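In what comes next, chain A is part of two complexes: it sits with chain B in the first one and with chain C in the second one.
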Partner chain A sequence: MNLYFPPFIYSFFLFTGTMITVSSSSLFGAWMGLEINLMSFIPMMINSENNKKSTESAIKYFLIQAIASGIVIFSALYFYFFNSSTLSQVPNMLITLALSMKLGMAPFHFWFPEVLEGLNWINSLILLTWQKISPLVILSLFFYSKILITLALTSALLGAISGINQTSMRKILAFSSISHLGWIGGMMYFNSSLWLDYFMVYSFTSFILCFSFWMLDLNYFSQLTMLKNLNAKFIIFINLLSLGGLPPLLGFLPKWMAMMVIKTSFPILMILILSSLITLYFYTRLCFSTFTLYIQSMTWFKKENSSMKNFFLLSILTFFSIIGIMPMSLLYL
Partner chain B sequence: MFVLSMWNLIFLLFFSFSFILFFSSMLFLNLSYSLYLSWNIFSWGSTDINMIFLLDWVCLMFLSFVLFISGSVFYYSGEYMEGEINLSRFIFLLAGFVGSMGLLIFSPNLISILLGWDGLGLVSYCLVIYYQNYKSLNAGTLTVLSNRVGDVLILLGIVWMINFGDWSFVAWLGSSNSLILVSALIVLASLTKSAQIPFSAWLPAAMAAPTPVSSLVHSSTLVTAGIYLVIRLGWVYDFWMNELLMILSVLTMFMAGLGACFEFDLKKIIALSTLSQLGLMMYSLSLGLVKVALFHLLMHTLFKALLFMSAGCIIHGFKGWQDIRMMGNMMISLPFISSCFVVSNLALSGMPFLAGFYSKDMILELSLMEELNLLSLFMLFLSTGLTVAYTFRLIYYMVRRDYVMSGSGNLSDGWGVMVKSCIGLVTFSVFFGALISWLSMDVNSIILPKSLKNLTLTVCILGLILGFFMSQSSYTFSKMKFSLMIWFSGSMWFLPYLSSQPMTYIPLKLGSEIMKFGDMGWLEYLGGQGISSYISNMSLKIQIMSMNSLKVFILILWILVSVFMFF
Partner chain C sequence: MLKFISLIFGLLIMSFLNEFMTFISYLVFLGLGWLFMYNSNLVSMSYFSCDSLSWFMVILTFWIIVLMLLSSHSYKVTNFFYQKFTFVLMLMLLLLFFTFTCSDLLSFYIFFEGSLIPIYLLIVGWGYQPERLQAGIYLLLYTIFASLPLLISIFFVGDYVGGFSMSLLSFGCDESMWVSFWFMFSIFAFLVKLPAFYVHLWLPKAHVEAPVSGSMMLAGVLLKLGCYGLMRFMMFFQGKVAFLSSVLVSLGLMGGLAVSFICLRQVDLKALIAYSSVSHMGLALGGLGSWGLWGYSSCLYTCVAHGLCSSGLFFLSGVIYERESRSWYYKGYLEIMPSMAFDDLFYCIGNIGSLWFMRFMMFFQGKVAFLSSVLVSLGLMGGLAVSFICLRQVDLKALIAYSSVSHMGLALGGLGSWGLWGYSSCLYTCVAHGLCSSGLFFLSGVI
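And now, the complex of A and B:
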């Protein structure tokens, strides 16, 4: 008997798990939400395109997340046993480590690009954005600040540096996500709830990028140069630069807020800004080569099957990421 | 035909304005009346940006002379520039020249002076490079960069005047240190514009311009702008740079006179004579003889414009040939033009009762009455003698000597436009010296012993004899073997070499070195490319780390967790 459940059922559980985590009042409930989330995401990974790569990704993801969840429930028990008698920081430390493993912060980030590499764009988007919500919420409640800031700075730098030589769009997004986690961790270190806004804008930008890659069927950087549609190029690169945080674009807004939050500590701010400069460097390098150096065009290349309707949607979204900083910054003034 | 009438129209306009201005200047002088108009353009903080017009007899008369000469030059250009392709550009440039000069003359406000000053510099550059070749370009670049130094000095003065909240330096009488500094800056700027000694290389180089332009530039506008500014300033302040100014101006005179004696290019000789006269004006300013300097300035505009215009006629007749060694015997071939030439040359050298005599003689005699150092006195009279010498050498070469140009020439006065345009200037060169001196100078104050009174005359006669002997080819050509001394004296004491090559050589070499070691070397290694490749390599190593098995990544977590468990 072949039991087949279509993916949208799992997406319901995916949603529910995160909601349980976010709204639970105990660490045990949060852990339960995490597990539901994990268990519903794995079939989604495998089901949507049943091939070797996605299965490999699912296995890797499962192993990492299960071990991290184990440490989370272990530290919850630790809390439970020792809460009244000691003021130990050990469970906080362990939770911080475990959750950063779940999030893929450096130096536990190695699994993240490899898992992402095997997914299709919808699942990539879920992994990049939705799957981060519950660990981040728990992390913002139980973190050990010294470990958190170390991990944050490491992931900002490593994410930026590792992204340089990449040619796969998924890996670029993965390393960019790691780098953004560094910023989020940096804001969290200063007990600011503005990390949520950072995460929202990041999710928005990631959504546009994944959506456009999905629409235009792009997986590797070399395919970008072959794009015949100049508008598509513009859409992709405006959003990439927005993801990198180039000032007039939307992606700069959360970085701006983060700078305002972190301005009390100059070295942290410097490391974060320099790492995002490196990110911007390779985005601009991609841009530059795509727009100027060469445009490949092959007569036998397959036709692009992008419908105008989706293109319209993408254009609207890109418009938001171009001028989005103005109304948003007014909102935060 | 339309273009010719365009020239005539401008000529008539300028001429009538010139007369109106001259008579109003006489009126203002007679009533000792002046008008100070100030229009507040905007006020910013406590500083006022004003447009100021100061109308008194000095500026009215100077502008009337400028307009008269530029009108004559416009009229003259109608024939000289005949068949020119870019005529409208030429007309606009000349008009821009006169306009900038008017701004400079009327408005004793540093900002508007800078406007006029920059306008003069820019237009002079455009005019020097009017004939588009490399020589003109080099000359124009030298001109505009030398003038640029003056612009920068005036800009510094403007920056300093912000302390006073107002840029009309005439309104700030007094002797505070900052005003002295501002006046020093303006005097230094004037040194560049009137080509005094450290900056004098551009003036002969600017002879690459068309001759009518030279006539306008070197008589009444560009080079006299500096002198006029110092006159305006000298009306108000005492200088503290008197000694420096005196030495520089006397050296300029001497250098220019000496250079003119060795020069064979017609226009360059005249340019050098301009330089020497400018030196004389600067000299009298350094003695505080402001009014006499103005007098000489006005006279100089007249005879120098005439000199250039008649030289232009000659060059035009010789179809662009400028070397005086190939000219001669013009009193037969060009009787009217050569007489204009001789009149203006005599006026230049200070022949009694011509225009130059009154002013020059007055400067010399008044300076004999001042407390002078012997060196500058000696140089002053030496260069006066040299002026006479090169003038008579020029007259001899051009007018008296046998015609030595090979082949046939087509020289004639005719009744062309160029000849007609000289008439007014000849008249004025003859009469105006006496006229202006009677009108505006008081000449009763010169009291000298007989020996000193005769000194000028003696020097001039000695110069005449020197000039005569200098122009005899049997005395000169046989002796004119190359020597360092002749090279030194004939090339303006190496100033053109000094002010062009070393000025560019060292910065260019330094720039290329810095470029090589900095931008293309260490900065590239430590900056952009170096960091990029370093990060790339680092990324490669991290990539190798991520090629491990998944177990290794879990191991990292386990190690850290077990370390922190027992913290």
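And now, the complex of A and C:
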């Protein structure tokens, strides 16, 4: 396994940018953090792989994020103009739209799978989890509720529906992330800070998945059937179902909390639950080769050179996602 | 309680070793220990509780897990992932034990859903045809889709009574506005799991595609989860939705009738048993829908009896399948395995008998149930009769076979007399005829 990770300096700035955003007391500081974050992530994307696809996705990412940041700073100025005025809902709407563009929520989500497709697993994980922190934090402070709930429900449904026919693992993760954003937005709409817990558990489960995909060298659906090791297949299927939120697994816990928050509004809850059912469908479709206990044996199989050394960590993480819900739910009781 | 849980957990860990038959002795030990829990009525505010309802369900679970192990010995012989098979089995045992004994509504829901995973793994992993994928998806999504409303309803109930403990359910609900909607919303999951008519479509598919052990578990215990949940949950709505009784009863009984018509034209043995179990569960639902003590206990007894009988029938169909690799009506098996035909006959009788016992309990329910029970018995007996008639090549056997059909007609007549005497005479006829005719067939086989 290759722990080569050159852009350490970039990852430092990546971290710093998010911290600046989260801890700044003005919208301008938050914007600055966003920019630092963006500017340090782009060289990470380009440096870590030397193919053209990563460059293309870096450019796409840059364009989208730059436009969105421009709108963010524009609406910050707008806030400044309309300070202490009732008209300030216009910049409020603008900043909600811009931040959801940064996050990749539904009507503005088209860049997200495309960008993710060109990254390696470490960068995908960062894009799926860490890059979402700062826009989410700003969004939770400055959202326009009607727009937010519309975007959240749209992204829950669209993420679920467009994930159905995907074969690339990255795209599946991207669409599931879009539909998870729907849940997070739904919780935010009710002014609950529990979205943070949702986001943390989501990050944990997608960390396990990205880690296992990276370790087992999986990029496409069909590669999953070529895995010879049934235990590896089991690990992947448990984590996928956990991400999908099947009840006894860890991924159900954030959904549970979200349902507790959202239960005051029945239609929103029904739409979110329906969308999570659709995501569950495509996760189970991924796992068919595991469930059928099917092991393909071919003479020209790739020699399995990866040793078992890191399986240990992976199986511990999987163990967490199996029984993790018990201690966590005890915490919340 | 904890001693049982720790033993089951130990068995779960033991499944990583290469043991197979050793499990049976442990499970027998477990089941015998559980026998002494009868009437202990540990209803508490804590996490686990046991009353006679959950006692019955748990003992049924132990029994059927043992039978599943016995029926799948060929996995050990042919080395077909038997280690994983035992693991899935023990996982299912643990989850079902939790489902039946936990007294917390939310954890009940979680384990209720969780017990779906091992059965899904069984069907998709060890099933026979490629269509098992579709069947598995049907099973999974159908039941999860239905049970999400239950979760929402559990939240509302928890808010309403001020806690998620099951014993709080008996305080009942005083709402009058939306109560019927709330009721249907919360029992929908159980109706799908039961399955009631209209939402039963996942069941025959799953049964046909499942391995023998999977369908034994499905018919034996998992359908009873629906009954169990209904029996727990209807306590909350007691007396509030009495006007919905007619809906439930007619759903159960008319559905049972319709399904037993479907039974009559099945050629696949497993599908036949699956449809007959749908019909049985319809009767159980009818009993529950009567909102009475008799109906309640009849539902419990139907569950137990049907769990025992149908798992036995599935076992026998699996025996056929292992020898013939098809599960259509079998012809001429009486020649090869007379004692198996005898077993089959007995299980069928048991199936009818359980139905009849049930009828006896809910004496007042009307005529539809009677009709449907007759039709189910016609379906099952028709299956047997066909298998008998097909022995016609040999004169002697045809003679005995036709005589046995007529005997069964007698037995049915005894049942039809609606009395205790008729009931017992039917039982005795069946037993006596089973003994005699199998002896006769044996003799004819010797000749």
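The rule is simple: the second predicted complex is superposed on the first by the 318 of 333 C-alpha atoms of A that agree within 3 Å, B and C clash if a C-alpha of one lies under 4 Å from a C-alpha of the other, contacts with A are read in each partner's own complex, and residues count from 1 in each chain.
The definition used in the following text is that a contact is a pair of C-beta atoms (placed from the backbone, for glycine too) under 8 Å apart; a residue touches a chain by one contact, two chains touch by 3 or more.
Given the structure is predicted, the values throughout are model-derived calculations rather than measurements.
When both complexes are overlaid on chain A, the residue A:64 reaches chain B alone and has no touch with chain C. Of the two partner chains placed by the overlay, only chain B lies in contact with A:108; chain C stays clear of it. In the superposed pair of complexes, A:97 makes contact with chain B only, with no contact to chain C.
In the superposition on chain A, A:264 makes contact with neither chain B nor chain C.
Once chain A of one complex is fitted onto chain A of the other, the partner contacts of A:25 are absent, as it touches neither chain B nor chain C. With both structures placed on the common chain, the touch criterion links A:281 to chain B and to chain C.
Residue overlap on chain A between its contacts with chain B in one complex and with chain C in the other: 281.
Contact residues on chain B toward chain A in their complex (touch as defined above): 532, 535-536, 538-540, 542-543, 545-546, 548, 550, 553-554, 556-557, 560-561, 564-565, 567.
Contacts from chain A toward chain C in the complex involve residues 230, 241, 246-248, 252, 259-260, 263, 266, 269, 273, 277, 280-281, 284-285, 288, 291-293, 325. Residue ranges of chain A in contact with chain B, taken from their complex: 60, 63-64, 67-68, 71, 89-90, 93-94, 97-98, 101, 107-108, 110-111, 113-114, 147, 158, 161-165, 278, 281.
On chain C, the positions that touch chain A within their shared complex are 81, 84, 95, 109-111, 113-114, 117, 120-121, 124-126, 132-133, 136-137, 140-141, 144-145, 148, 151-152, 155-156.
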